[in-house]
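The following block contains the structure, expressed as structure tokens.
Think of it as A, B, C, D, E and F in the order they're written, each chain with its own count starting at 1.
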Amino acid sequence: MRLLAVFPHPDDEIGVCGTLAKHVMRGDAARILWLTRGELASQFGQMSPEEVARIREGHGRTVAQMIGAEAQFLDFADSSLTGGREEALAIAQVMAAWKPDVVFTWNPYDVHPDHRAAYWATLSALKFCRIPKLVGQPHRKPVRLLHYYRSDIPRPAVYVDVGEEGQAVAEQVFSFYRDFYQWEYSLEAFRANRSRLGAEASVKFAERFQAEAPLALPYLG
Amino acid sequence: MRLLAVFPHPDDEIGVCGTLAKHVMRGDAARILWLTRGELASQFGQMSPEEVARIREGHGRTVAQMIGAEAQFLDFADSSLTGGREEALAIAQVMAAWKPDVVFTWNPYDVHPDHRAAYWATLSALKFCRIPKLVGQPHRKPVRLLHYYRSDIPRPAVYVDVGEEGQAVAEQVFSFYRDFYQWEYSLEAFRANRSRLGAEASVKFAERFQAEAPLALPYLG
Amino acid sequence: MRLLAVFPHPDDEIGVCGTLAKHVMRGDAARILWLTRGELASQFGQMSPEEVARIREGHGRTVAQMIGAEAQFLDFADSSLTGGREEALAIAQVMAAWKPDVVFTWNPYDVHPDHRAAYWATLSALKFCRIPKLVGQPHRKPVRLLHYYRSDIPRPAVYVDVGEEGQAVAEQVFSFYRDFYQWEYSLEAFRANRSRLGAEASVKFAERFQAEAPLALPYLG
Amino acid sequence: MRLLAVFPHPDDEIGVCGTLAKHVMRGDAARILWLTRGELASQFGQMSPEEVARIREGHGRTVAQMIGAEAQFLDFADSSLTGGREEALAIAQVMAAWKPDVVFTWNPYDVHPDHRAAYWATLSALKFCRIPKLVGQPHRKPVRLLHYYRSDIPRPAVYVDVGEEGQAVAEQVFSFYRDFYQWEYSLEAFRANRSRLGAEASVKFAERFQAEAPLALPYLG
Amino acid sequence: MRLLAVFPHPDDEIGVCGTLAKHVMRGDAARILWLTRGELASQFGQMSPEEVARIREGHGRTVAQMIGAEAQFLDFADSSLTGGREEALAIAQVMAAWKPDVVFTWNPYDVHPDHRAAYWATLSALKFCRIPKLVGQPHRKPVRLLHYYRSDIPRPAVYVDVGEEGQAVAEQVFSFYRDFYQWEYSLEAFRANRSRLGAEASVKFAERFQAEAPLALPYLG
Amino acid sequence: MRLLAVFPHPDDEIGVCGTLAKHVMRGDAARILWLTRGELASQFGQMSPEEVARIREGHGRTVAQMIGAEAQFLDFADSSLTGGREEALAIAQVMAAWKPDVVFTWNPYDVHPDHRAAYWATLSALKFCRIPKLVGQPHRKPVRLLHYYRSDIPRPAVYVDVGEEGQAVAEQVFSFYRDFYQWEYSLEAFRANRSRLGAEASVKFAERFQAEAPLALPYLG
């Protein structure tokens, strides 16, 4: 099974690390595709965008290693995504070549326009990757799109039980970013939030997404 | 794992047969608890309620055998259920003794008052079975309640992938009743409907329920 | 086509008068079935319940005449309905005998317990009227249940274009009650509200109900 | 302003203590009406129901004092509520005499049948308290009903900012019960949960209810 | 009455053929407006986009004839729609000239960006066609927009009873495309799906759309 | 407290005038930011866009004075908004400089593309105004976004009690525009609609918005 995560900026991937890591542990392939290097991030003060880009690309590569995932960067500009055709084609090329079964991305209503654009471009790419005149050799298998959860989107929620082992990787990733950025949000709060999501679905730790259609359970426990 | 299905009348259980059978096949325990023997059924013409009760109890026991489940009957009267305390206590006694992990029943808005009553009495029983002063030795583990699906209830849908093997048992049960009652609804239509539910959740055949809270997936495929 | 309205008290029927009247005008049959005579109404001061019952039964019969509908009264006690088996059986008997195609009633969440009870008993009656052992000769045709609208019930809204002619009858009924009870709510407000409902559905005047399932339009205008 | 909370068992009131306390602090009147004394509670072992009732009534009175509210007990039996007419009339008598502006109670779908019954009986009481033939001198002012929140009820959520001062009382009440019952749920978890509710609505601590209709804000901050 | 369907590609119109045909049969006017000729379609192998465009325009014209509708093509490029101003103005010009009462199009969340763009451009056109400075002679009558159904859009569903006669045309259109493209999806499955939609709304065959506002029924059957 | 309203055209602000005015009366600061001057408005006949722009800018400034708000105009072109980066940056600059606590705008699904664009650009601006590399000195405080209400957006409704005094200003603004444009919609209808919104939330007059998250009430009345 092949899982692709498409995000605009390094650190957007935190919400899916446990799921990716758990799948990698059982032998599945994972890749994270960042559309930009997040070079406009506010936390770097006067540092040049090029230098910020270099550092944040390094972050992404480090995180991918923690998860056991491949890392890939496209060259779009931070805070300039549109969700339009060019971005969709670039993502579709990756899909056509890498052939994912599941794709993760942001939701379509987030406050950051890059996040919303990532959703729409990824959605278009699910179609474009099937059209030979756009991508050459197409990717024809069904691909399921999962996006980060929002309570104002009336689609089925998908809770993934990340287990202790997926949670451990997610905490490692979180702590890596937290240490670097000196976030106020604590590891305890991070864990408590994911434990609460787990409790909602009767497991220890969960990550939550949404899909257009429900997923079937193999068994009820 | 232990699965209990609570229904007022023999043949109400058709929608859960695939799920029960699939669980039984992997070694789980299943029981079907009928609250009445359905003695007012219209299809028996002038036959006495006692005779109808005897035949329909036989139906239930036959179906339970097809599934590999236990069969149990309570002695409430058909079309007289209220969803009240007496019924709840009787179901709670069964729960306290049999200790299910998952309980299935009708939804709370169906047109048949016995169906609605089964839901409310079963819901109450989930509480009563934890109270020693009502049931003696209580059943204290968490129990998940799944009810038949209705589009006008805003709760998460739960799709169970019943697989070819669960579907085969469900078709056997359906055909058994269909032959007896001479239903117009064909096996092909039965299969098509369950195949459509499966397609909604990207599997071959599914049964659909609803729960108060979501269930977590161990993996995404 | 045959339309039956089931309500606990005379004056509950105001919200369906335009629909009934418009159908009667094209030759359909309508009946209003009151479960009680509303003998506890507050507006009659010290008058005995028997006297109030007599007056309010007269109101119902007058209104039925305005609409061109039959009037029928059952003998349940005001503010004592339970929604249980006895009420359901009584309504089912009426249905089995009169054989409606459409049934109207209150919604299941109204503040008045008689209103809620009318819904549940009517819903049960839809099932009971099909069971010979309960009603003798059964009513087997599909019957559609429409209940008064509530925004917190996630079921399809059904707007009926009552036209000028249905509106005229509804206003006559409203004015009849308003004059008797000296309601503060004016005819202008009554008309404005129904005009607003109409505007929501692009017609002049509408009545609004809810159904479990959608109704199909023969044409789009 | 007068606030009445109607619950079946002492300790059900925990979710509304902050709101009641904050209102009492500004001079409003509050009363908690318990329908039973919760004499079947499991945590008392072999103790007689009469003795449990005595102790739990004491709990309620202690909590009411912490809040600055009046305490009142009706004599219904624990785990035997039906939501029917007798209970509704008893609550309506209290409403007619005490004349609340706002009433709090459980939601209508909770697992405990007493909780559901409290909702339905309280809802009926809102109507019955306006009918002189049922309660004598009626309570005719509009009364707003707020029930405990459930995510599967499509009604507007009402968040009350309980402030530090309301939170302090709620924590005192919680700790009182926690110490007595030796609950595993910690004060920290209690506070974290209410802090999270507050965060959802951009305040420090909140209690959450639902109402049939929205409430208007006087200002946006 | 005048019905306009706006779609990006020939064959997108399949879901509205029964409705258009039924209206045409009673004397209403219908037009299908395609924004592109679908020249990137995958099923044509190495054929040049120009040749594909020529063939698919022919398809559209054939289908329009089957329905009794006018056919019109705009010259936008396949898989390049943006939903922006240029497209909206072009559609608005058609609306201003042709003056539809009802407009059909795709929904706003479909996976194909051209489908989503068709929705947004058509929605804008409903406004632009009323502005003389944009379209010259404006179209000022109210126009109702109906889009293809999606379960994750909380708008009223609109079921149109297409009748045997509308269904026959829809099947003719479907079979025409199916034969050409050698789709796996069978005529039986096509019919079964539309029969199921019909069953949901108690008619034989239905097409399903969504609208911002409900439509009123003239009668209940 | 500082309230910013962002709209494409003068007269879009009518729905928020009461809220702004009431806040201004208690000493809060309000500003209305128009993105265009609405120079394509149909009601000005052959008048040049420049002349229309001049007149409508005057309207906006007059209305702002009635409210006691500041007026600001950006120089985008009417009916050409895209919701894209340029517009978002322009609004973000205003936010960074003026530092609002609450921002009002159109909803994201309105028929006019400028209205939708205003929503998306304003949403992006909430993010951009926090990024120094985009706006220089950032605005880092939390900002709440309220948009005009639509029933097909599943977000909490926010009713603001505008009081008699806010209503008076809103009526003054409405009448100003009505007199100028000779609208058919009467002041009585305007008042009735706002009175109905008020009634929904148990106050005299209300304006209704939606927010991503609920707002907490300080007290229940």
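Here is the rule we use: contacts are C-beta pairs under 8 Å (C-beta built on N, C-alpha and C of every residue); 3 or more make two chains touch, one makes a residue touch a chain.
What you are looking at is a predicted structure, and each value in this text was computed from that prediction instead of being measured.
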Q: Trace the shortest sequence of touching chains from chain B to chain D and report its length in steps.
A: 1
Q: Mind listing the chains that sit against chain C and also against chain D?
A: B
Q: Same or different, please, for the chain C to chain E contact, judged on whether over half of the interface numbers appear on both copies.
A: same
Q) Farthest chain from chain D, comparing Cα centres? A) E
Q) Where centres are the averaged C-alpha coordinates, which chain has the largest centre distance to chain A? A) C
Q) Of the pairs C-E, A-B or C-D, which one shares over half of its contact pairs with B-D? A) C-D
Q) In whole angstrom, how far does the Cα centroid of chain A sit from the Cα centroid of chain F? A) 35
Q. How many angstrom between the C-alpha centroids of chain E and chain B?
A. 43
Q.
Quick check on chain B: which residues sit in contact with 2+ other chains?
A. 153-154
Q.
Going by the touch rule set out above, what shape does the chain contact graph take here: line, ring, star, complete or other?
A. other
**Q.** Interchain contacts (touch definition) - all pairs
**A.** A-B, A-E, A-F, B-C, B-D, C-D, C-E, D-F, E-F
Q. Can you name the residues of chain D that touch chain B in the complex?
A. 40, 42, 49, 79-80, 82, 111-113, 152-154
**Q.** In the complex with chain C, residue positions of chain D that touch it
**A.** 84-85, 88, 120, 123-124, 126-128, 130-134, 138, 153-155, 212
Q: Sort out for me which residues of chain E touch chain C in the complex.
A: 1, 3, 19, 22-23, 26, 101-102, 142, 144, 146, 156-161, 198, 200-203, 206, 213-221
